[in-house]
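Two complexes, one shared chain (subunit A), two partners (subunit B, subunit C).
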Partner chain A sequence: MLKTPFRGFQAFRGGQLALNGLKNGVISTRLYHSRDHPSSNKIVDPKSVESVLLTKALEYIPQYGFSNACITQAIRELDYPDSIHSAISTNPSGNSPEFQLTLHWLKTQRQKLEQHILDPNSEYHKITDEYERVSYAIKKRLEFNEPVVGRLVGGISQLVVPYNIPQSLEELHNLSDDIAFYAGDMSHDFAWYSKRVGFSSIYVSSELYMLQDSSDGYRRTKNFVDEKVLGLKGLGSAYNDIEEWGIFNAISLVNMIKSQLVRG
Partner chain B sequence: MSLRSGPRTLARANGSIFGTIRRISGINAVRTYANGTSNGKEDTTHFGYKTVKKEDKEKLVGDVFSSVASSYDVMNDAMSLGIHRLWKSHFINRLDAGMRPGSNRALDFLDVAGGTGDIAFGLLEHAQKKYNDTSSTMTVADINPDMLREGEKRYLNTKWNDGSDRVKFLVQNGEIMDQIEDNSKDVYTIAFGIRNFTNIQAGLNTAYRVLRPGGIFACLEFSQVENPALDYIYQAYSFSLLPLMGQLIADDRESYQYLVESIRKFPKQEEFKGMIEKAGFYVPEKGYENLTFGVASIHIGVKL
Partner chain C sequence: MISRQINIRQASVCGRVVSSYIHPGRSIQPIRSLHESKKNEEDISRDASAKKYYGEDVEYGALSKAQKAFLDRVIRVDQAGELGANYIYMGQYAVLASKYPHLRPVLKHMWEQEIHHHNTFNALQTNRRVRPSLLTPLWKVGAVAIGAGTALISKEAAMACTVAVETVIGGHYNQQLRVLMNQYDVPIYDKKTGEKLSDDEITSEIEHSPELKELKDQISTFRDQELEHLDTALKHDAEKAVPYILLTEGIKLICRGAIWGAERI
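Up next is the complex of A and B:
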């Protein structure tokens, strides 16, 4: 959750800071910034065997659902012998092939979203408001679900198997971290956490809403997302307002006590 | 650990090596590997904690397994408290090998150091139960005719002995495999065997040679416990109780002393993973799966 994804447009800042630090003879800043190492930030490594097989298998999800059959079909299509199944089934992570396929699906979709956001021509850059950007990103990500929406329940049930939950949550929070970061979240206090948790819960509830949505182009789901994000924004403002009111009253109280004491 | 004494019939069996034995005392001895040279000489390797000439190791290992063949499974159960069965069945389930329904080519399995055949029969059973695969073939290879005979004896009473000739038994040196053609197998399994190779790297290179592209190398082997506290307990158990059990149950202390020493001498997980990669295999991320805190581990390689 605390990992910093690759920030294309700020790629060299960390490196320069580190260099400046060294020039002054003092190491004034961290020397490692993950954004300086784009290769270590790849969400999916396109070259590994597992990823080649699973990426091919994604094509069969609309047909077979999030099941082993997709992998079998992909192996056949890529003209590998059946023995290479073991490369997936023995994966040291201990995840079942179905769960690996589901995670791979989530990761590739997150990567697709990131590429969309980093594309200089995407509509994303016309939006300036932080929360509108969040809303746009969530809706975009939900759009990627459309081809498999009928099979999504199978995937979600993989994610909520108790021993899979830690990895599922990690992937979910990586998604909300990306959404918050690219939207321009600059918070460095408790809001950093509450925003991410908020976006995660909005994403999950919208995805569940989407499963039941029969409206054209998932219009109702999109309204739902907008509404929820506005709600979170409102919650943020309400929190800030209450905080401000509280601090004002606390200071007033201190001042009042002081003035009473001065009077003797 | 004062269990280093005791009659050393194995060493005596080959008088010429007696002089070259280098005793390494204590369990944290310098680790040397099969193809490494422990004292700068090219022609020596380790046999447990002893340093022996390379050409002698094969015979010494042969003696160990010839003498334990008949009581092999009883001893395995006693020593590992039955856990070796769980490891083996986990290994088979993780491999999940078998010809998938609708496939046009059966798989060719090769189980090396497969002696008593439990992995071989387990793999066939899994393939049949899960994928209804009744045509894949199995070759069980072992360097030791005594161990292989145990497997063949057992084979005669299994359902695989149905005249279809799917299972073959071959006496083969895993480092050479002269009767097995290049690119002829799909799944190469070796369970608790590669540790005894004189030259482990040569064994891995041969595995790469005999596998078809897309073939899988899978190895179940004793490994190193990573947690130091658990490792202490494990070492205490294996160095004090195992040779004793060997003495009581199989009347063969020496062979089991060799067993625990050879476990300690086997490369650590990361190192062995490097050797698999060196042989040309692609190793999936992390490369191995530890079983029971690393007492054993499963290594995988894919020939691309």
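Up next is the complex of A and C:
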């Protein structure tokens, strides 16, 4: 009963805090991957209250979708008092509970992918080609979507709310950065950016493809990923070839001018 | 619980280990005789000196966001800077090597060192997952242009360019080292028990993680080599370049602008 005016207040505060959210989103970008300070690289802090609640809430997504109901159900299941919902609803990030749930879903799935890749027994290590690794990682990540695929549209609609877009994009680019890094990307220049943007767009388009895919075991989605990654690889080598050709011609031009000058 | 509260304080004074201990629970008890307390101190001191931490026994706590952000900037700007240095020498070498054969080994030596620096920071950039500067293509073109341009004026102008660049780079490395020395105290934990080490248990060997130590060593070695290049350039008549002040100050300004840009973009 008391919820209606309270919610109105929250919506107001949400608007106020959205700017803060934007700021936090920018600051929380992973800046530096430490070797000897392992706790600096954590994706999700498993001990925080929000994280415990949201992780439990993920179990109810197939039932309720990406909605507040999952969090309510999780609080009941964990035998916490109802008031603990304020840990989510008045979170300093200023994000709506639904968006927090969606982001948490994305982060935990990214962490799961990282753990899968770091597992020495995983199939990933049998692949040696960089782009085949990328395509494997994208397909693996899409597999994690399977249990919630019917509800994913709700999650995506949270991600594309204008206020949420910066944080959604950041999470997407973190995913593509993980994929590129673990695949063994060694680029130091503009290629670094092109690769990540490329992987991000491949991931988004294949996820949208997956939503409409009715084939067995998402066979067509997997073919789609392979095809797109191959396309990106082709684009990369075309760029390198053109660059090499350009440098060769520039050097021969200089030499030609020199030879003409010598002849005088 | 109580055993955790015993805080062993150890301070090394003139090579001698002096120790005392504070037990919060005992502060309300009557003060013990001097003799007694001294005896206790000796016991504790023997226990404490038995446990000495080495690199593999400790785990380093998380770096703060500001610390990570600074490292991120350091690696990006140093990578861009070494790329610039590498390409400047490339431009100089292309113009000067055939004209002045006696300068060839000198330039070659400096250029090779710059290539090594550049490769080191390239490796750091990929391993530490730092994004490279977005303006990398611009730095490449600009650096070759500066190198070849000054070399086309005269060999003295090329050396003056080296003087300007290395002065700025040397100073910038020093600034970074100062921050890395002073601002990187992170909590250190015992790997087995997970307990935080007290200030006195932290020796200078384990004070900073090997990761940071290596970075500092690399930066200070590179700074020394850059300053060596500065001396070499001065030895090869850099100061005889015709508008010397104009050239060096102009290039210094460009370098500072590039540093500012490469840190951010």
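In this text, the second predicted complex is superposed on the first by the 231 of 264 C-alpha atoms of A that agree within 3 Å, B and C clash if a C-alpha of one lies under 4 Å from a C-alpha of the other, contacts with A are read in each partner's own complex, and residues count from 1 in each chain.
In the analysis below, contacts are C-beta pairs under 8 Å (C-beta built on N, C-alpha and C of every residue); 3 or more make two chains touch, one makes a residue touch a chain.
These numbers come from a predicted model, not from an experiment.
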If you stack the two complexes on chain A, which partner ends up touching A:215: first (subunit B), second (subunit C), both, or neither?
-> neither
Is A:181 touching the first partner subunit B, the second partner subunit C, both, or neither of them?
-> second
Tell me which partner A:157 touches in the superposition: subunit B (first), subunit C (second), both or neither.
-> neither
Give one of first, second, both or neither to describe whether A:205 is in contact with subunit B, with subunit C, with both, or with none.
-> neither
So, does A:122 touch the first partner subunit B, the second partner subunit C, both, or neither?
-> neither
Please work out whether A:81 is in contact with subunit B alone, subunit C alone, both, or neither, and reply first, second, both or neither.
-> first
Pick out the shared contact residues on subunit A: the ones touching subunit B in one complex and subunit C in the other.
-> none
Write out the stretch or stretches of subunit C touching subunit A in their complex.
-> 59-63, 65, 68-69, 71-72, 75, 79, 83, 122, 125-132, 134, 136-137, 140, 186, 209-212
Residues of subunit A touching subunit B in their complex?
-> 48-50, 72, 76, 80-87, 89-94, 97
Listed in rising order, the residues of subunit A that touch subunit C in the complex are 27-28, 30-40, 42, 177, 181, 185-190, 192-193
So in the complex, which bits of subunit B are touching subunit A?
-> 94-100, 102-103, 105, 107, 186-187, 212, 214-216, 218, 282, 284-289, 298, 300, 302, 304
